[in-house]
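Both complexes below contain chain A, partnered by chain B and then by chain C.
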Partner chain A sequence: MDIPVILVGILSAAALLLPALDIALRRASRTFSAYFATFVIAISLGIVLLSAVGVIPLTESVAPNLMRNDLMGLFFSMVVLSVALLVSASSIDYMKNEHNISIYYSLLLFTSLGMVILSFAVDFLMIFVAWELMGIPTFILTGYRKKDLASNEAAVKFFILGALATGILLYGISIMYGLTGSTNLPAVAAALSKLSPDMLPMAAFSVIMLIAGLGLKLSIVPFHMWIPDAYEGAPTTVSALLSAGTKKAGFVAGVRILAVAFPLLKLDLTLTLAIIALATMTLGNLAALTQKSITRLLAYSSIAQAGYLLVGIAVLPSTNLGLTGLLYHSFNHAIMQGLAFLAAAIVAVRLSKTTLSSYEGLSKTMPLTSFSLTIALLGLAGMPPLSGFWSKLVLFTAAVEGDLTWLAFAGLLNSALSLGYYGLIIKRMYVDEPSETIQVREPAGFTILLLAAAAVIILTGIYPAPIYDFAQRAVLALTP
Partner chain B sequence: MKRAAHIMVDSLFLVLALLTIGASILALESRELVYGAVSLAVSLLGIAGLFILLEATFVAMLQVIVFVGAISVLIIFVVMLVRREKWVALPAGGEVFGGLLIAILLVAVVGYLAVNSGISSTLPPSYAPPSYTQIGIQILTDYWFALEILGLVLAAAVIGALTMAKIEGNEP
Partner chain C sequence: MAEFPLISIMIFLPIIAGIVTYPIGRASKSSTKWFALVIAVVELALGLFAYSQILVNGTGAKYNFVEGPAPWIPALKGVDYYLGMDGLSGPLVLISSFLTVLVILGSRDLITEKQGMYYALILLFEGFIMGVFTSLNMVLFYAFWDIVLLPMFFFIGVWGGPRRKYAAMKFLLFTFVGSVFMLLGFIAIYILTPQNTFNIPELVGKIPLSLQPLLALLFFIGFGVKLPLVPFHTWLPDAHVEAPAPISVFLAGLLLKMGGYGFLRFNLGLLPQASVDFGWAFIAVGIVTMFYGAIVAMVQKDIKKMIALTSINHMGFVLVGAFSGTVVGISGAIFQMFTHAAAVGVMFMLSGYLHELTGTRDVTVIKGLKITSPRFAALIILGSMAAMGVPMFSSFLAEYLVILGAISVDLRYGIIVLIPVITVAYFLWMMRRTVMSAPIEGAKHHDLGTLSTISLLAYLVPLIATLIVPWLILGMADPLSESLVKVIAAR
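Moving on, here comes the complex of A and B:
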C-alpha cells in the first residue's frame, strides 16, 4: 500500500477534525482531543511498523516523481511518529490547564504529517512543501503560551530565523534548479554528473546554501543560536518535539539531498562537514557544562548530538556505514532526548522550577521519573549496555573507516566530556539531599510513558539487532 | 540592434533591482508603519517587474495579485486597525555595520562565483516561456500531490494564525 498517502489521509483528517470538534463540543472536547490525537498517532505508527516488518507491503507512490516509498522513509516515519506519540501522550497531562488544547493537538498532527512526508519526499518542491508543513505549526506551538514572555521571545526568534533559513534553502534550491533544469532528486543527480566543470563553483554555492538552510533545523554550529532560547521558552513537550522530531526530519532531507549530490559533484565537502561536526559537538558539550537550567542543558546536549549525527553525512563519499549509523543514532537519540525532555517537563510541572538545583534529591520525591531520566541521560552519554552506545559506536567506526580517525577520537573525548554534565544531574538526583522534602505525586499515565520509553532504550541496547538491521536495509535501499 | 536590446534589458534590470532593494530597506527602516507597508508593496511590485523581465508573466501576475494586491492591502488594514499600539524604536548600534559587512561579503562571494562560473556564457539563445495551460496541466498532473499538501499547509497556517489572534480570558 501507499503508506505516505494513507498517513496523509489519516493525520490530515484528524488534524482538520479537531478544531471543528472543538467548536461543536466546547468544553467536553478538552480531554477527548488529547486522547483522540494520541490514538491517531498511535494508529499511524502502527501502520508504519506493520509495513516495516512486511505485513503491509510497500508499493510505489501515486506521485512517483515527488515521493519515493522506500525503507528510508519508513525508518524516519517510525522515528518521528514515535516522538510524536511520546509528545502527544505526555501532553495529556502536561498541557492539561492550557487554552485551545484541541488546536495544540491539531498543530501537532500537522507537524507530524509534515515530518512523515519529508521522510519520503524526493523532489525539491515536495521537500520544500513538507518543510513548511512541518515548520509553520512548530512556530505557533513554540509560542503557545501567549502570556508567557519567554514563550513569546522563543517563538519570535524561531520564526524569524526559521523564515530566513527557509529563504536560504529556497535560494539553494533555485540555483540547483537553474543548474540542472529539474527539481526531482534523481534527475538532479543525473544532470549533476554531466555538469560542465566551470559551473562547479555555482553548484558548490548551491550545496552550501542548502546545508545552511537545512542547518538551522539540524541545529548545527553556526546555526544553533536560537536553540537554547527556543527550547527554554517553548512548552517543554514542544521542545521535545523540536529536538527529537523536526531535527530528525531535517536530517532525512539532508541525507536524501546530499546522498544524491555528493558522489556526483566533484567536490570534497568531507573535511568541511567534519569540521562543522567537530565544532557542533564540542560547542554543544562545552556550553552544556555551564548551564543552570535543565532545558538549556538539554538544548545544548541536543546540539552536541547533532554533531555526532553529522559525522554520518561527512563520511558519505567513502563509506555507507556512516549513514547506517546516522539512521540508527537518529532513532536512539529521538527516544532518549524525547524522554529526557519529557521527564524535565513533568518535574517542571510538579516543582514549577527548571533549575538544576531543584533536582537535588529528586530520587526520593519522584523515584520513577528520576529512574527514567537517569536511563535517558546515560543513554545520551553513550553508556555501554544502553542503545546510545551502539549507535555512537557505529558512527565513530564509520569515521575511522572514512579516514577521519581524528574525528572519531574527538567524538570519544566529547562523549566523555558529556558524561560530566549528565553525571552531575544523576548525582544531584541520587546522592544530594533534597532541600525540602515535599511528597510529589507522579501522574500514573505519564510515568508509565516514561518507563516505556526507558524500556525501549534498555531493550534496544541489549538486543540492538532489529533496529540496526532496519537502518542497514534502509541505507541499502536508498540508492537504486 | 541586438546590442541595443541588451542595453535596454540591462538598464531595466538595474532600475528594477535598485527599486526593489531601496524599497525593502525603506520598508524596514521607516519610522511610520504606513510608509513601511507602502514601501513593502513597492518592493514587491519591483519583484513582479523582475519576473516580467524573465518572461515569467504568470508568476508576475500572481505576484501582483497576491502580494501587491492582497497582502500589502491587508498589512495596511492591520496598520490602520492597530494604530494605537506603541512601537518601540530600539537604538541600533554596531549591529548595523556588522550586518552591512556580512551582506557585502555575501554579495561579493556570490558575485565572484557567478562571474567565474560559466553562467554568462551559457544563456540559452531563445526559449519560449511556458504557457498558462502548460503550467496548469503541470500543477494538476505531475505536482498534484504537492498541491494537496500545500492546501494542508494553508490550513495549518490559518488555524495557527487564528489561535494566535484569538483573545483569551481577560486580555484587554
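Moving on, here comes the complex of A and C:
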C-alpha cells in the first residue's frame, strides 16, 4: 500500500477535524481531543509498524517524484510517530489544566504530519513544504502558554531564527535548481554528476546553504543558540517533541539530500562535518555540565547527541555503516530523550520546580519516575546493555572505519564526559537526601507511559537485532 | 558441552534472582537475606562443579562449557553471544561465587538499611561479574564490564560512609573513562584486523604488529584504572574508605581482578608482540605501584585505608607476574588474584566488624584487642598473616611464584622481594598497636559472635587448602600459562 498517502490522509483529516469535533462535542469532555489525537497517532504508528514487518506490502507511491515510499521513510516515520505518541499521551496529564486544548492537539497532529511527509519526501519543494508544515506549528506550540513570559520569549527567538533558517534553506534550494534545472532529488543527482567543473563552487555554496538551513533544526553548532531557551520556555512536552521528534525529521532531510549530493559532487565535506560534529558534541557536553535547570541540561545534552548523529553523515563517503548508525541512534535517542524530557515534565508539574536541586532524594518521593529517568540517562550516556550503547558503538565503529579514529576517540571521551552530568542527576535522585519529604502521587497513566518507554530502552538494548536490521535495510534501500 | 548452558545459568540466575529479590525485600526483610543466600550457595555449587570439571580433566588451556558463538545482531558481523571458561576464568569465577556467599553472610550484621535493594544489587553484581570473567566476545565483555559499575556506584553512594557521594561519583567517572579507552581499542581491533570480529578466540595471533603498541597503550589505561595502577589509583582509597565493609570485599576481591583478568586475557593473549616489547615498561609501572602502595599504606591511621593500599601493592604483583611472560609468573599472577581476593576479603570484613565493636578504625586509638576481643584478635592476626604472605597461607606461594617468574627474566626485577618486607612491617606495626597493646582502663569486653567468627574463618579455608595442595589452582592455571607462553613464543 501507499503508506505516505495513507498517513497524510489520516493525519491531516484528524488535524483539521479535531477543533471542529471538539466544538461539536463540547459537552463530552475536556479530554476528548487528547484521547482522539493519541488514538490517531497510535493508528498511524501501527500502520507504519505493520508495513515495516511486512504485513502491509510496500508499493510504488502515487507520486513517486514527490514522496518515495521506501524503508528510510518508514524508519523515520516510526521514530517521529513514536515520539509524537509519547508526547501526545503524556500531554493528557501534563496539559490538562490548559485552555484551548483541542488546538494544542491539532497543532501536534500537524507537526506529526509535517514530520511524516519529510521522512518520505524526495523533492526539494516537498521537503520545503513539509519543513514549514512541521516548523510553523512548533513555533506556536513553543509559545503555547501565552501568559508566560519565558514561553513567549522562547517562541519569538525560535520563530526569528527559524524564519532565517528557512530563508537560507530556500536560498540553497533555488541555487540548486538553477544549477540542475530540477527539484527532484534523483534528477538533481543526475544533473550534478554532469555538472561542468567551473560550476562546482556554486554547487558547494548551495550545499553549505542547505546544511546551514537544516542545521538550525538539527541543533548543530553554531546554529544551536536558540535551543536551551526554547526548550526551557516551551511546555516541556513540546521540548520533548522538538528534541526527539522534529530534530530527527531534520536529519532525514539531511540524509536524503547529502546522501545524494555527496558522492556525485566530488566535494570532500568529511573533515568539515567531522569538525562540526566534534564541536557540537563537546560544546553540548561541556555546557550541560554547568547547568542548574534540568530542561536546560537536557537541551544541551540534546545538542551533544546531535553531534554523535552527525558522525554518521561525516563518514558517508567511505562507509554506509555510519548512516545505519545514524538511523539507529535516531530511534534510540528519540525514545531516551523523549523519556527524559517527559520525566522532567512530570517532576516539574508535581514539584513546580525545574532546578536540579529539586531532584535530591527523588527516588523516595517518586520512585517509578526516578527509575525511568535513570534508565533514560544511562542510555543517553551509552551504558551497556541499554539501546544507546549499541547505536553509539555503531557510530564510533563507523568513524574508525571511515578513517576518523580521532573523532571516535573524541566521541567516546565525550560519552564519558556526559556521564558526569547524567550521573550527577542519578546521584541526586538516589544518594542525596531530600530537603523535604512530601509524598507525591505519581499519576498512574503517565507513570505507565514512562515505564513503557524505559522498557523499550532496556529490551531493544538486550535484543537490538530487529531495530538495527531495520535501520540497515533502510540504508540499503536508499540507493537503488 | 553445548547441551547444558552452564555458564549462562551462572550469569543469569543471580541477575533474575536479583530482580526478584527487590519485591521480596519490600515484603519481608529476613526472607530477602535467606533468598539471596540460597541463590549464592547454588551459584557456589555451580562454580565448584564447573571448576572441578576443568581441573580434573586438565583442560585449563582451552575454553570449556563453550556457548555460542550465537549472533547477537545478525546484521552486524562479529557481535556474538559467546561464553567460555578456561584456566584464567575458572579461579576467578570460583572465588567470585565464594566471596558472594561470605559477603551475604557478613552483611547480616553490618547492613541494616534498605535491605531489599541491597541484596538485589548483590545478586546483580554477582551475575555481572560472572559475565565479565566468561565473555569471549569483546562487546559482550564490555557490556558486563561497564554494567558492573552501576551496582558498585549505588553500593558506595547509598550505603557508604560520610563522604560517600564524592567517592561514588569519583569511582564512576574514573572507571567509566578508563573503559572508554578500552572500548576504542576493541573497535580498532574490529575494524583494522582482517577478521572483522569481536570474538576473542578468533583474534589470537591475528592482530597486525603495527597496531599492537597503540592497543597496548589503550588497554593499559583501560585495565590500569581498574587494577589500579599508579597513577590511575586515586579513586581506590576513597571508594574503599567510604564503602561498607562487605562491599569493600567485592571491590578489592572482585572488581580489581577485572583489571588483572583484562591484562592477561587481552594484553598477553591478543597483543603478544607489544607485551614482549613493552613488558619492561609494564613491569616498571607494576613495581612503582607496589612500592607506592606499600609505602603509603605504612603511614595510614585508618586500618581500612591501609588494607585498601595493600590491595594496590598486591595488584602490582599481578602485573609483574603477567608481563614476566613465563609460565611460573603467569600462574603466579592468577594465583595471586585468587589468594588476594580471599586474604584481603577477610581483612576488610574485619575492619567492618572492628568499627562495629569499637566505633572507630583508627589504629592509634584502638588498644588491647587481645584482652577485650580475643576472637577478633585471633582472626586479625590470622588475616594479617594471610595478607602478608606468611607460609601456611597460599598468598606466600603466589608471591613466591611471581618473584620467581620475574627474576628468571631479569635479575634486577628481584627488587620486588623487598615488597613483602614492607608489607610485613606495617602489618606487624598495626597489630602491635591494636592487638598487643594494653587495653584502655575500664574497656568493656565485646567480641564477635560465633556465626560471624565461622564466616570469617571460612575466608581462610581456600588459602590453607591451596597451600597444602597447590595443584588446586596450578592444575588450572599452568595449562593456561603454557598456552599463553606459546602464543608469546609464536608471535
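Going forward, the second predicted complex is superposed on the first by the 477 of 480 C-alpha atoms of A that agree within 3 Å, B and C clash if a C-alpha of one lies under 4 Å from a C-alpha of the other, contacts with A are read in each partner's own complex, and residues count from 1 in each chain.
As a working rule, a contact is a pair of C-beta atoms (placed from the backbone, for glycine too) under 8 Å apart; a residue touches a chain by one contact, two chains touch by 3 or more.
This is a predicted model, so every value here is computed, not measured.
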With the two complexes superposed on chain A, say which partner A:T405 touches: chain B (first), chain C (second), both, or neither. second
Once the structures are superposed on A, label A:I458 by its partner contacts, choosing first (chain B), second (chain C), both or neither. neither
Between chain B and chain C, whom does A:I103 touch in the aligned arrangement: first, second, both, or neither? first
Looking at the overlay, what does A:M126 touch: chain B (first), chain C (second), both, or neither? first
Chain B versus chain C as contact partner of A:I10, first or second or both or neither: neither
On the A-aligned overlay, A:L164 touches which partner chain: chain B = first, chain C = second, or both, or neither? neither
In the superposed arrangement, does A:Q472 touch chain B (first), chain C (second), both or neither? second
Identify the partner contact of A:I140: answer first if only chain B is touched, second if only chain C is, both if each is, neither if none is. first
Chain A contact set shared between chain B and chain C covers none
In the complex, chain A touches chain C at residues 378, 383-385, 389-390, 393-394, 396-397, 400-401, 405, 408-409, 412-413, 415-416, 419-420, 423-424, 426-427, 430-432, 464-465, 468-469, 472
So in the complex, which bits of chain B are touching chain A? 109-110, 113-114, 116-119, 121-122, 142-146, 148-150, 152-153, 155-157, 159-161, 163-164, 166, 168-169
Of all residues in chain A, which touch chain B in the complex? 8, 12, 15-16, 19, 62-63, 65-67, 99-100, 103, 106-107, 110, 113, 117, 123, 125-126, 129-130, 132-133, 136-137, 139-140, 143, 146, 196, 198-202, 204-205
Help me check something: in the complex, which residues belonging to chain C touch chain A? 71-76, 139, 142-144, 146-147, 150, 153-154, 157-158, 164-165, 168-169, 172-173, 176-177, 180-181, 183-184, 187-188, 190-192
